[in-house]
Amino acid sequence: MDYLNIITEIYENVQKYENKGEVATYIPELGKVHPNKFGVCLSTVTDETFNVGDAHEKFSIQSIAKVFSLVLAYKIEGPKLWKRVGVEPSGTSFNSLVQLEYENGIPRNPFINSGAIVICDVLASLLENPKEDLLAFIRKVSNNEQLTYSERIVASEKATGFKNAALINLMSSFQNITNDIDLVLDLYYNLCSIKMTCKELSSSLLFLANNGKITQTQEEILSKSQVKRINAIMQTCGFYDEAGEFSYKVGLPGKSGVGGGILAILPHNYSIVVWSPKLNKKGNSYRGINFLELFTTKTASSVF
Amino acid sequence: MDYLNIITEIYENVQKYENKGEVATYIPELGKVHPNKFGVCLSTVTDETFNVGDAHEKFSIQSIAKVFSLVLAYKIEGPKLWKRVGVEPSGTSFNSLVQLEYENGIPRNPFINSGAIVICDVLASLLENPKEDLLAFIRKVSNNEQLTYSERIVASEKATGFKNAALINLMSSFQNITNDIDLVLDLYYNLCSIKMTCKELSSSLLFLANNGKITQTQEEILSKSQVKRINAIMQTCGFYDEAGEFSYKVGLPGKSGVGGGILAILPHNYSIVVWSPKLNKKGNSYRGINFLELFTTKTASSVF
Amino acid sequence: MDYLNIITEIYENVQKYENKGEVATYIPELGKVHPNKFGVCLSTVTDETFNVGDAHEKFSIQSIAKVFSLVLAYKIEGPKLWKRVGVEPSGTSFNSLVQLEYENGIPRNPFINSGAIVICDVLASLLENPKEDLLAFIRKVSNNEQLTYSERIVASEKATGFKNAALINLMSSFQNITNDIDLVLDLYYNLCSIKMTCKELSSSLLFLANNGKITQTQEEILSKSQVKRINAIMQTCGFYDEAGEFSYKVGLPGKSGVGGGILAILPHNYSIVVWSPKLNKKGNSYRGINFLELFTTKTASSVF
Amino acid sequence: MDYLNIITEIYENVQKYENKGEVATYIPELGKVHPNKFGVCLSTVTDETFNVGDAHEKFSIQSIAKVFSLVLAYKIEGPKLWKRVGVEPSGTSFNSLVQLEYENGIPRNPFINSGAIVICDVLASLLENPKEDLLAFIRKVSNNEQLTYSERIVASEKATGFKNAALINLMSSFQNITNDIDLVLDLYYNLCSIKMTCKELSSSLLFLANNGKITQTQEEILSKSQVKRINAIMQTCGFYDEAGEFSYKVGLPGKSGVGGGILAILPHNYSIVVWSPKLNKKGNSYRGINFLELFTTKTASSVF
């Protein structure tokens, strides 16, 4: 398939229309980005890469980083992990605290904040030097030793992170946090602070489309069955309260972040990352979803 | 693929293990069925059919019937339908009433009870003779003029249906029910009362695997795009609070019922129905899920 | 104490200030009343009566009627009644349905709608002819054979009573409703439809200030201990989500209705009814509360 | 009235019956107390004091201390205080977090944990040296310079206080906490750590029965109107989810603590403290409530 032509054509098409939505501003670092940034990178399991627009500019990947922490925790801990966090969608966020209380401090899935925090607690127990070791893992799958945490973003997140502090304390009251609260939150905020380009991000998670193996080295990060699990969780839980809509429009497993990035995976074929900072009302990139809808329709990539 | 051998082998394999779970008994009619009943039917888009076990015995399809009503309402009403009901998963059921209240009487999706009731209200507005016309539609896609409602099941459901009455009245207070409450509930309970064999059910919903067309006549029930939408909703909302787990284990869109039936669809390939009355704690057929997990693994059917 | 001078002076004082708030309009009958109607009647246990303003004009007593049904059910059933309904305040109404679900269909107290409906269900079991017998009781304590239900108000309430229908069906699902739902709701709506003048209402509930005895005949309606119970429930649950505020401002047990009436009791001394249709944001009569605050301050009637 | 005889007689009477319930053990310090401790002290506005049993033994007053902090904050801040915390009962505790979220971080009243924490935040802003100044105030009204915080209890509370940390962080996310979280929680835990004897506690809050004045010095702590407010809040919110029941049985404003203490006030007459560590299911002293019910019945003290 002539992916380069296709993504270029759709890219130009999407650019013609009004760029709706709002850039996230709950921390200053996100608000500083230019709202019209727009980049795409597609990486195939045959190691081809296709870029368009601002695909080489770093952006804050935010919650997409939760895929890295989940993969690492699952890789080390195996199915025991599901005793600490569920795999079911969470419904609306309005009742996140009461739901957590009702379900005895076990988060619904690893992509809502409470779930990602539990994953960080698991990593804090498993890793010798949690922050360094997690970063080393991300560098390895990215084949990029330059990746690093952003101290400024970490500081901003901590200064406004009362809701996350409420969540972790509530989970502690149910004994579902086993390490020091400040240490776990520090790991969590560092995780979410990573910046990558579309190209870096697309390439670093390509193993999810390649049966769990890094394409260039054939090193197995996850088993086939484990990859299926991660993809299934992304399909049902990867887009906040827009999972059903995304499932219909795009039809691929994926994960979005409030920085405006969206990752999507077509198993056995490709990973694709789109970045455009303006978010729709559900918190997902407005242009990102439009692009992917057109792209999967054009390439008949949907799983349905 | 030698489907007959595969389903026979897996069927025998599943039968060897303990048949766990409980038969639903909230209405007497469900409790009377023999707990070890077990049937499978697979129908391909090339019009082959493969049966094993009790595939020719009628059972109460219960909530699987919500697929028929959704298809008919969507076929007539089109995308306007999504103003009356959402397409997002609902999280746990513990907060079904408060969620409905919080979201102004708009149910999360068409497969939870409140959503299926709204669909019946939509049909009650669209159809001249709602009960007859809905049945006629189900008979048509089933190519089976003998299908009928079960009066005994309807009576049982009504006698215990206080929770559904609470839901419809709450939605009425938000003006999301437009017809007489008793008329709508009557339609809803009749819908859920239908009995079919695995073979009948598998064949009647095969068009969901065939781009929306009935295989034998090529009559289009839904457009390609509409079928994608129905399958996406089944994927994220079809299994109560086990959608994520089913997504991982089986990896196909589908819908279950408390009568022990499960329907699953592999787009462009087949529909499959498994029936075994004992339910796991999440309310889905214990053997049904086991069978489908083994089957999709063996046939590499998962979408992930 | 020169009650007539005091109530007249305060009445004139309150009239000088702006009459804030909104007349209830959820049923047409309530919306038709003139917003500046304002009446007061105080009845003492020594059988003196003091009136001012529109004290002789009938108004819809609405929820104040729940005191009559509670008294009658408690009189016949005794403390067994508290197995069916609680005596604790309910917090905000936003979670009325989920609270009822969480507490297994047992309403928090007899003055919220769900609780008053349960009381009607209790009466429907205890009374030979529930509607007639309840009316007969109210006529007796009122010494007024002319009192009657208002068919027009009943019809209006039924036509908009979806939320109440949701509540009673939810309670039925927990087996806390034992009679036919339509029969119980009919009794409930009739109860709430009664119209009285300030004078009639004040006089009819004077026994709550007189150790349970009708002042003129000394007939005992409730025992001393039972009266204490009713008054305690009015103190903590009588003013929707303004019980704490009323407790401070007025300091007397009482009950309000959306028709703009407020009843208050000073044990061993008097009953007082104020009526003014405009309601504050919490649903209680704006002038009614102002009047009573000034009156209890002037007469040093507060219990605190 | 011969108070000494009355309290002695009732004390002996209550001792005859089984001492039901459980001593609180969520922190070790509470669990160490002997379950059969039982003391009573009544202080009249005429400066008489009547003791029986273990009235001179110090116990952990726990939440009763919230009365001191509320009085001090209200004394300094005046009615502005009610912008930060409500005065309405809270219903069941099961939804404390969601209610706080729903009501934008404004706690329902100053006696639930979230409310008492907000009061500590107010004091942290108003006082030069919050911990010292609050203690100085309690010492002054107690006329007891020896009173002090218990470091051991503070340490225990902090080690298990995840739920309180969740509450304060949630309120911070709504900007209803203005000081450093650790500083506010430290003040809160110190407040709750105070130990007093029945005699000390009864005497120190006697001004609530004496129009706001310390009986011996006639120094005004609160105005008449302010005392009415505090008593009204105690009446409707002082006994967790047993406020309505206590209102009926005892009929006095009061406040209980999980250490087994109960304070009650008869305005213009007396304050009384009963201490017995075993708690009923609602968290209030089993013998304490029994004693007070018999005492107010015997002395006809109930306000109803």
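Note that the chains take the letters A, B, C and D in the order they are written out, and that residue 1 is the start of every chain.
The rule we apply is simple: a contact is a pair of C-beta atoms (placed from the backbone, for glycine too) under 8 Å apart; a residue touches a chain by one contact, two chains touch by 3 or more.
Keep in mind the model is a prediction, meaning the values are calculated, not measured.
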| item | value |
| --- | --- |
| Touching chain C and also chain D, the following chains | none |
| Chain whose mean Cα position lies farthest from chain D | B |
| Whole-Å gap separating chain B and chain C, where each centre is the average of the chain's CA atoms | 48 |
| Between chain B and chain D, centroid-to-centroid distance (C-alpha), Å | 56 |
| Separation of mean Cα positions, chain B and chain A [Å, integer] | 32 |
| Interface hub residues of chain A, defined as touching at least two other chains | 94-95, 98 |
| Touching residues (chain side chain B, partner chain C) in the complex | 95, 97-98, 101, 162-163, 165-167, 169-170, 172-173, 181 |
| Chain D residues within the chain C interface of the complex | 86-92, 94-95, 98-99, 102-103, 108-109, 227-229, 231-233, 235-237, 241-245, 247-248, 251, 253, 267, 302-304 |
